[in-house]
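Both of the next two complexes hold subunit A, though its partner changes from subunit B to subunit C.
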Partner chain A sequence: MTRRNVNKSVVIGTIGSDAHIIGGWVLKHAYEDAGFKVAFLGAMVSHQEFINAAIEVDADAILVSSSYGMGLIDCEGMRDKCIEAGLGDIILYVGGTIAAPLELERNWPEVERRFREMGFNRAFKNTCTAKESVTTLKADLGVE
Partner chain B sequence: MAKYEIRNKRLTDEEFFRIRKEEVLPQWETGRDLENMDECISAAHELSVGLGRNYAITLRDANEQGIHLLQPQFGRALTEYMIDGMCYVEDESPLVPAGLWNVFSDSYTRKNNYKMAAVGIERSIQEGTTMLNGWPIVNFGVEEARKIKRAVKSPMTLNSTDEDGRLASETALAAGWNACNCRSITECMAHCKNIRLDEEIHINQYESRLAAIYHERGVPQSPHISCNLTGYDSCGFKSFIMVVQALLGSEQGIKQFYLEFGINMNMVQDAAMMRVTKKLCEEYCQRFGYTDVRFIVNNNMFQGAFPPRLEEASAMMNLAVMIGIMGGSTALVLKCQDEAFATPTKEGMAASVRMARHLDTLLGALRLPDNAALREEEHMLELEVRAMMEKCLEAGDGDIALGICLGVDAGWVQTMISPWKYNRGNVLLMRDAENAMRYFNCGDMPLPNEVKQYHLDKLKSRAAKEGRPLDFDMVVSDLQYASRLPIIQK
Partner chain C sequence: MRLFLLIDFGSTYTKITAVDLDDETVLGCAQSETTIDTDIMFGLNKALHQLRLSCGADPDEARGIYACSSAAGGLKLAAIGLTPSLTLEAASRAALGAGAKVISARGFELDQEAVADIESKKCDIVLLCGGTDGGNRDVILHNAKALAQSGLSCPILVAGNSAVSGALRGILEAAGKQVYVTKNVLPALDTLDTEPAQSLIREIFIRHIVKAKGLEKARDFVGSEIVPTPKASLLAASLLADGTASEPGIGSLLVVEIGGATINVHSVADVEPVTPLTVVRGLPESRLKRTVEGDLGIRWNAHTIYELAGQQKLADLLLSCAPDAPGGADFKAYTDMLCANVGHTPTGELEYNMDVTLGKCAAGIAVERHAGALSREYGANGEIFVQHGKNLLNVKNVIGTGGIFKYGLRPEQILKAAASSDANPWSLKPRSPRFFLDSGYILYGIGLLSGDYPEAALRMAKKYLRPATVE
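Presenting the complex of A and B:
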């Protein structure tokens, strides 16, 4: 299988029933500043909306924001739907306040393990800055 | 003018009970237990007034006596976790007798997605912990809500509205929790994406009327008008939407409002907002003939991002409590040290109650004294809110429900960041040298020139302090002004 061309394009949105838009809003500006094309879907985005937008802009990555603590439930099945849509190799990031119970949030390796098991390439804490997110994605894509 | 049918007009009994039967109770199976409204009201009376634990009466008395009520927030996936957590806080902190509870539902419930809430309940049972970010009140229904009410000593309210909180509020009120929400514009701006404002106002008219019916039939209610929004909103805008919501709720018959201010963390500006809003709520209600309405000032904490470390989070909470007490609040909604990471834990909430009660003891009867800076801030806020109100009332030919819908269309009514697709969002806000919230760009908002100039002049103080011109990066950077941890020099 030939690897698709990287074209510095991302989809950003807040997943599930989550109305918190700030994280995505900041990422949108940071990625645009870094020369990325951004499809910004706002809040309360379903798996299918993320995928449709990713196909439309031929995205390198889908950046999922989740700030209300139910990211573990909302992100289940996302990778499978990407594979079904022919986006098997798309990079999936999730970030924010992604696990509701404090005892789980404090056990970050477990949170990361769960998201990796669901097919997410990386999970970011809410202390991650927008710049760190951009730098990490650039490295994962092998672009400047 | 024909674009919207919505008007600020009281729902008739016929309309109310038709909506109740056809649109509200059938939303989920637990709605069946609420069919007999007489029984609901009688149970609510027994569980609140009867036990001496009515939310509205407690609030009114505290306001008259100058007592500060502390109001922890709590919401877990299962009833047993709720009772365990709330009893823990009441046992381990000085919450009783001057306390209130603010219980929140999970976000699936707030989106009326009861099937997903059921999934979350199942997952929580399987994993032995809470996998939802609140208590799914609709799935559990009125008997479980009454069980919680009986188990705790402090009066309760429910925080559960996004687009449609009607069934959740029906359940809460029938369980003897005594406040729902009167906040259509706030909800659109803070939690909605696609619903039109006129539809949301119509839904909220029902919720307001519901509270009024309970109140008229002997179970006092104190619905919340809030302006928490996204946490990055101007004080003038917050004040304006509260005055609008006061008119919408009063028309439905609400007699006592809980004004819930999400503060911006600048003591002078926040105090000015609380005072001006109460004054203008009273004044506009008088003007439209709602002459016997009581407004009680209360505050929630900063709604933006919290710092991820105990000491910094404590500083935030201490300042918020001080602003509430010094600024004239009666009830203080509390957050806790876990705010940056997760929904509140019982231990965190008990700690917050202890902290806030001690601050209350330390401050005694001290309030922010009258001063020139406060007066100037109040003057500017008043000019701003009056300009917005008059613009919308004029557009609506004297009807605020119609006027605010047209105001959103015109872009007069908008905030900087919102998930709502009808929000124009070309306003830009940043903090001045004293960290008061200012308009960097007021977009299409119809603000008087004097107000615009005042805000720009204040921002110049920051440019001078930082020795660099004002720019968009400052707007973005300010989103984390309170959550960023200080750099430690090594």
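Presenting the complex of A and C:
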């Protein structure tokens, strides 16, 4: 597969049955301020909706927000779906309260490992700021 | 009397069952060795002769003859997809549902070694999938080019990303391959569509493979198309569960077919989560499902059962099957001997019990692989149950078929392994089913009759499947 050109475009949404919208909303503004084109899908977004939007806007990354502790369950299988949909090299980030709060506190390395194993490039704790997320993605994409 | 002959050209034996559809009775059975390497008709005529001797059934008086075949290796298919969990899984399911044997399943980009491996397996069909419609096209194009450059001469069935169907056909036809193109097995990420590929697999079987396998004379004798044997079993399972408009079926069911080299498991059951709150993951399941365990089987693959279970577990199982069995059962020696003598018939009570133990162990593993499983995760609000695979907890009936259910000692013991147990409470195997034995080996015949005589076939199935009590 050939690597596509970076065009500073991202898809943002809250995954699964999660109605918490504020994390994604903060990210939307931070990325727009940093010069990214943002497809903001709001809350309760399915894998298919994330992937469809990423195809339409030719996104560099899908940024998955999750705030109800079910991120591990909701994100399972997403990388394989991206590959089938022709988005094999898209960057996948996940952040928020992405596992049970106690797990995040005590077993973060294990939570992070499981997301990596599922094909996510990075997982962020709920203490990460939107700005840190932007800086990290810019570095991963090699853009300013 | 309305005599019908039902023939199963097996890999080893050609079996015939004669039935009278007026009385809905089995008149008799006969078998002889399958002679596909020379002339399929030699073995068939011998079996017909024996049938005449055993029950007086005269083939010339038959009102109809139906046949299925798994001779010459059955319908051997190589499935190619992109990711193992999506298009490769969809391709494998399409193949299994059409009665094929998946002899190679490969995802991502094929390299030379992979192509050489597929070539060496001498498959009858290659099923090329990959990418959703409009999705990834690079991998399936790469794989089509790899197949085009290969020495494969069998038909290639393309059921992948429709955006490149034309290009794929062009690449393969330019290399002189026989190409069939149909709809994508996974048109969208949440939509499985295996039926178009399955009907084309059946068509290719009828058009090319019957001839290639030397089954033409048999087809001419039979006078109708021969179907792959697993397809006949699937048709039987479907009819038996769902019934017809005028004859009720027996409800959801699981069929465990134990063979020497493989174990087939069929289920007919509504697709439902364990509870409304259970989170379901993975490709959508289908109401009619077939899986084949190519590494199990109580002759050719007896050593795998030993390797998976070990002496201690098998010895414990033996005790549960036959509490009064004499001690000293050496499963390593027995399974080694079985692999070296695949035609072995048990001698003495201990060997009969060991056979049933191997069958029980293998059936347990095969049904566990067929059924889904639950796992526990934790969210912000506590425990969450996640379901992967098909929920069979409420399946009403379990049916055992295959040689061991005919000759085995207390074969009903095997079926217990198909039901849920405390040993693996997370497996979604049937909770409290009724058990039946296909002790007359009639199930394939029910499938063969299901197209033209569904009511009579169903009534015969209900009459001849023997209820079994499993302690």
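Just so we're on the same page, the second predicted complex is superposed on the first by the 139 of 144 C-alpha atoms of A that agree within 3 Å, B and C clash if a C-alpha of one lies under 4 Å from a C-alpha of the other, contacts with A are read in each partner's own complex, and residues count from 1 in each chain.
In the analysis below, a residue touches a chain if its C-beta (ideal position, glycine included) is under 8 Å from a C-beta of that chain, and two chains touch if they have at least 3 such contacts.
Note that the structure is a prediction, hence the values are computed from the model and not measured.
In this overlay on subunit A, subunit B clashes with subunit C. In the superposed model, A:5 lies in contact with neither subunit B nor subunit C.
Shared-chain residue A:101: touches subunit B and subunit C both.
Contact with subunit C, but none with subunit B, is seen for A:86 once the two complexes are overlaid on the shared chain.
Residue contacts after overlaying the shared chain place A:25 against subunit B, while subunit C stays out of touching range. In the superposed model, A:42 lies in contact with subunit B only, and not with subunit C. In the superposed model, A:70 lies in contact with both subunit B and subunit C. Clashing C-alpha atoms between subunit C and subunit B appear in just one of the listed stretches 200-208, 290-298 or 380-388, and that stretch is 380-388. The intersection of subunit A residues touching subunit B with those touching subunit C, taken from the two complexes, comprises 68-70, 72-73, 97, 99-103.
Contact residues of subunit A toward subunit C in the complex are 1-2, 46-48, 51, 55, 68-70, 72-73, 76-77, 80-81, 83-88, 97, 99-103. On the subunit B side of its complex with subunit A, the touching residues are 106-108, 110-111, 113, 116, 119-120, 123, 129-133, 162, 190-193, 230-232, 304-305, 308, 338, 340-343, 345, 417-419, 421, 476, 479. Across the interface of their complex, subunit B is touched by residues 14, 16-22, 25-26, 29, 42-44, 68-70, 72-73, 97, 99-106, 126-127 of subunit A. The touching residues of subunit C, when paired with subunit A in their complex, are 82-87, 130-132, 134-139, 186, 188-190, 279, 281-282, 377-381, 384, 386.
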